[in-house]
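Remarks on the structure that follows.
Note that the chains are named A, B, C and D in the order they appear, and that numbering of residues resets to 1 at the start of each chain.
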Amino acid sequence: MLQRFLMVVAFVSVTVIMPGFAVAEDPPPPLPVEPTGIIETLPKRYPPEWFLIQDSAFFHMSDGKVYVIDTSKETVGDQVQGMFNNSLMGNILQIPSRGEIMSIETFHSRGTRGERIDVLTIWDTVNLAPVAEVMLNSGDRFMGMPQRVVLHALNDDRWLAIFNFSPSTSVTLVDLDQREVINTIAIPGCSFIYGNGEMSFSSVCADGRMLSVSLNADGTERSREHSEPFFDSDDAPIFERPARVGDIAYFPTFDGQVHPVALTGAPAKPMAPWPLYGQGEEAWAPSGIGIDGEDDLGRIYFLMNPEANGVDGMHNAGGAEIWVFDPETRKRVQRIPLQEWGLTFAVSRGTEPKVLVTNPIDMSVELYDGLSGDFVRKITGFGQETPLYLWGSR
Amino acid sequence: MTAFFDRLFEKQARNLAQTSSRRGMLKKLGGVLVGASAVPLLPVARAETGAGPRKPVEQGSDTDCDYWRYCAIDGFLCSCCGGSANTCPPGTEMSPVTWIGTCHNPADGRNYVISYNDCCGKSTCGACLCQRDEGDRPPYRPDKTNDINWCLGTASASYHCSTAVVVGVAFDE
Amino acid sequence: MLQRFLMVVAFVSVTVIMPGFAVAEDPPPPLPVEPTGIIETLPKRYPPEWFLIQDSAFFHMSDGKVYVIDTSKETVGDQVQGMFNNSLMGNILQIPSRGEIMSIETFHSRGTRGERIDVLTIWDTVNLAPVAEVMLNSGDRFMGMPQRVVLHALNDDRWLAIFNFSPSTSVTLVDLDQREVINTIAIPGCSFIYGNGEMSFSSVCADGRMLSVSLNADGTERSREHSEPFFDSDDAPIFERPARVGDIAYFPTFDGQVHPVALTGAPAKPMAPWPLYGQGEEAWAPSGIGIDGEDDLGRIYFLMNPEANGVDGMHNAGGAEIWVFDPETRKRVQRIPLQEWGLTFAVSRGTEPKVLVTNPIDMSVELYDGLSGDFVRKITGFGQETPLYLWGSR
Amino acid sequence: MTAFFDRLFEKQARNLAQTSSRRGMLKKLGGVLVGASAVPLLPVARAETGAGPRKPVEQGSDTDCDYWRYCAIDGFLCSCCGGSANTCPPGTEMSPVTWIGTCHNPADGRNYVISYNDCCGKSTCGACLCQRDEGDRPPYRPDKTNDINWCLGTASASYHCSTAVVVGVAFDE
């Protein structure tokens, strides 16, 4: 039967696939024997058009995946560069100076049950293989929707700061050279990590203030200071997810304002808010998961929802457009209408920024031009289940 | 109340008009620390029992995302997973740490305090994903957030589904 | 904002949902405070209309799930009775006399990497919770498409026989009372486990013979015997998945025949084959994953493909109909045309057999009446990814 | 060559006519024991190299399931996962134990022995699922089966994707 099948294939092939080729006429030399065991590698520095697509696999959380995707290519075969796993709603952070990607994840000895292990897995970007693991205190780490403000590099990329929520909140410092935990700093009433110079970080607090903690060279706490309250977390909440340009974090609010906060290495300094829409304009509001971004031109991006402003419960629904602002002039410089809908986006680095957006309707990702706002292409079928968070490669 | 994840299972309707209203986002439950039998920390009046000839009333199906108790829920409904609105499916463990919502029961006109206890220890149930973010705040308000995995204080951090337990009548604000 | 929202809800509710109810008029007593911490249980013996749906999660294999589904119900809420996990293409076997479900699975200490652990996890059917675990020799167990012939209970349900493929083949015996491995028996050149009395089992061999191994009371091997060859695994292969009625296993072949093999406790005895289709009829052939079944009326079922007969490579494609035969008369007594397509099916126990079929087009499962052949209902949206194997509850 | 799993991603076409021909089934690769640099156990003639002015020829795309080398493959194509037809994606490990197929290269009219080495150690790639069961036999023929997980002899049993490596010219039968 095999022989018969091969004859059929040969017939079809010669007559259909290779009409001009006849086996009898002086065939070319045979294909050489190929080596086995070859594993591909990647460049240490990923090009700007590469993104990390964090598929938390909401229906199979222990099998989360992070895909490395070249968004400049047309086909899945050319787009997919590699993948690594991230288990149980973890968080990641690429640190280009180290050629490494930090990955916080959780395992149970029997998959969904048994002993719990929380670890920092360190992947090298060339081999996309784990090169080190740092055990973390079990049960401490923040386990929720992916965020940009859960992991942060400090001290010239020598330290990794990890936000914990158990639900008491703290920040764990890992020495990335020594591959060990050096300190855990309680930040009661405050959450997340906002870079604030090389030797301090800030957090946002339930009472509407910013906490700033400065560190000694050994990772111990040098000092802490709270700002004045600048928002009301009950009645006028901010999102915890700011766009960031230089020393200023731009925190969007549930009702379409922006609160700039200066993070210059000194204690965080909230500044006067300004609105994302002009008087008489439609009152949109940010909404979604990854709602915030910025580019190397100094512009800030927000995912905007036409119906979320003033409607309780709409702040995570996603949006129909991405709006781009010049934070200096406070003017909107670009609207990017999405093909269908957006849940999460990320902006690439470089002077020709591209915007990658998760379309939650079909769970594809879609690429847009950050300068023209034009739709470029849809990328899908690479194995994703729920691409909840996106990262431009660094 | 249309969670966007429903779209994974019914991909026919794709026009923006149908997708732009009250789309939900998937997340897990949030909240304040409430022991399995502790008094909730939010203002709560314990409901009276047996107070007259009429019986307490509810209506609606606890497998519908629109069900009144689910006003602040975010997750897979345990009533679609082998549990019910207030019980966990077989073999799971109910989280003692919960996120509390205040929901209005249209059948008796009262507001109730609802405890959204997660059931933990198996991987996601996957049925009846329901997201209603009413009153939700970012995780910097742990007492009001449903953006995180509330399988805290359980043997396993694996989230399976979410319940909505009546823990009292809410005081009027 | 919350208050405003509640008012809106109240308004909508009173006017739309409860048109006849006015809050001011003598409200009913408030709902009582409800207890927390209550976990549901299931009956020890599952009703015949319950099925186990083995979702191996082909795209997330470490997060395989087995759903317990009441197929007699109309809605997902009524259908789903519970779920348990089964990791990395495992196999299961319900043993009703023990009130337990056996589950062979594999874990790595870091999800997809790290130390490998192969275990037998034993679930009790009432609590759907793990009650025991038996460690198995790492790397031995058969890891492939789910099968009915990988796990088998022996010795009055005191032993579990586990088929190993590493790729050398053997059978491990576990004492289910003692929860420990008692023996591993090499079966070189042969595969799978076919029940053959309480103290022996048979296997099918690459050379076309059946191997039968009889056991002593302590689990050691008493004797083994090979049958004469009865098929050609190159040119006229049988499927390894027989329908089984009493002491006879009916092995279907790639070309639409059936090889009955007597398994009476004595060495396996192959008998004369007969065709699944009559002279002049369309030459269909079995095809799919779970292609075999039987009912308590003594009838045997096969999933049939109209194009697979004589076409190399079509034996796993699934089928368009299920054909039901009376093995005594060798007559087809029922055709069950499927709504769309079938990949796997299972037959319920009892005198009114129902047939549950995986539809691979939309990954739903569909219920059919085994007596009339009528379509009953589609069951979907219960969280499944790839329901590759189905089991009628026992 | 349409694997039924493609349907998960393109659910538009649902009529039986479109689904009843050569539907594939998902499984993994199978085969005989072949060391990474060992001589295959099946009849194989080592291909000559540099035998004249003409060059060895192939054609088609290695990301298409129809590609000639994939005649007996069953799994996710590594060429869609960061690898290629004969190399593994970054960070995976190539299984030394493989299932061997014999495929016809229409570009030169020869039959080749193809070794379907799996890449292991990460969870399923999920892209370009391709199933062609030509010559496949049930697992009682381990040398001819692709129904099992061939991540054997690797550090991890996690299957990621499948390659198709030319290991020689097949003798005529």
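As a working rule, a contact is a pair of C-beta atoms (placed from the backbone, for glycine too) under 8 Å apart; a residue touches a chain by one contact, two chains touch by 3 or more.
Only a predicted model underlies this, so the values are computations on that prediction, with no experimental measurement involved.
J.: Between chain A and chain D, what distance separates the C-alpha centroids? Give it in angstrom.
T.: Distance between chain centres: 34 Å.
J.: With chain centres taken as the means of their Cα atoms, state the distance from chain C to chain D in Å.
T.: One centre to the other, that is 28 Å.
J.: Could you give the separation in Å between the centres of chain A and chain C, each centre being the mean of its C-alpha atoms?
T.: Chain centroid spacing, chain A to chain C, equals 40 Å.
J.: Taking each residue of chain B in turn, which ones touch at least two of the other chains?
T.: Counting only residues that touch two or more other chains, chain B contributes 11, 122-124, 126, 134-135.
J.: Please output the residue numbers of chain C that touch at least 2 other chains, ranges allowed.
T.: Residue numbers touching two or more other chains: 2, 5, 59-63, 85, 111-113, 130, 312-313, 383.
J.: Among line, ring, star, complete and other, which one matches the pattern of chain touches?
T.: It is other, because the touches fit no line, ring, star or complete pattern.
J.: Let me know each pair of chains that touch one another.
T.: A-B, A-C, A-D, B-C, C-D
J.: Which positions of chain D touch chain A when the two form their complex?
T.: By the definition above, chain D touches chain A via 9, 36-37, 46-52, 54-63, 68, 71, 76-77, 79-84, 86-94, 96, 102, 104-112, 115, 117, 119, 122-128, 134-135, 160, 165-169, 173.
J.: Quick check: in the complex, which residue numbers of chain D touch chain C?
T.: For this pair, the touching residues of chain D are 4-5, 7-8, 11, 14, 16, 19-28, 33, 97, 121-124, 126, 131-144, 147-149, 152, 155-159.
J.: Can you check the complex and tell me which residues of chain C touch chain B?
T.: 2-3, 5-6, 9-10, 13-14, 17-18, 21, 23, 26-42, 63, 65, 68, 75-77, 80-85, 123, 126-130, 380-384
J.: Show me the residue ranges of chain A that touch chain C in the complex, using the header's touch definition.
T.: 1-2, 4-5, 57, 59-63, 85, 87, 105, 107, 109-113, 117, 119, 121, 130, 235, 310, 312-313, 383, 385
J.: Okay, in this complex, where on chain A does chain B touch?
T.: Result: residues 58-62, 88-89, 106, 108, 111-114, 116, 139, 142-145, 165-167, 169, 190-192, 203-206, 233-234, 237-240, 288-289, 306-307, 312-318, 320, 340-341, 343, 360-363, 386 of chain A touch chain B.
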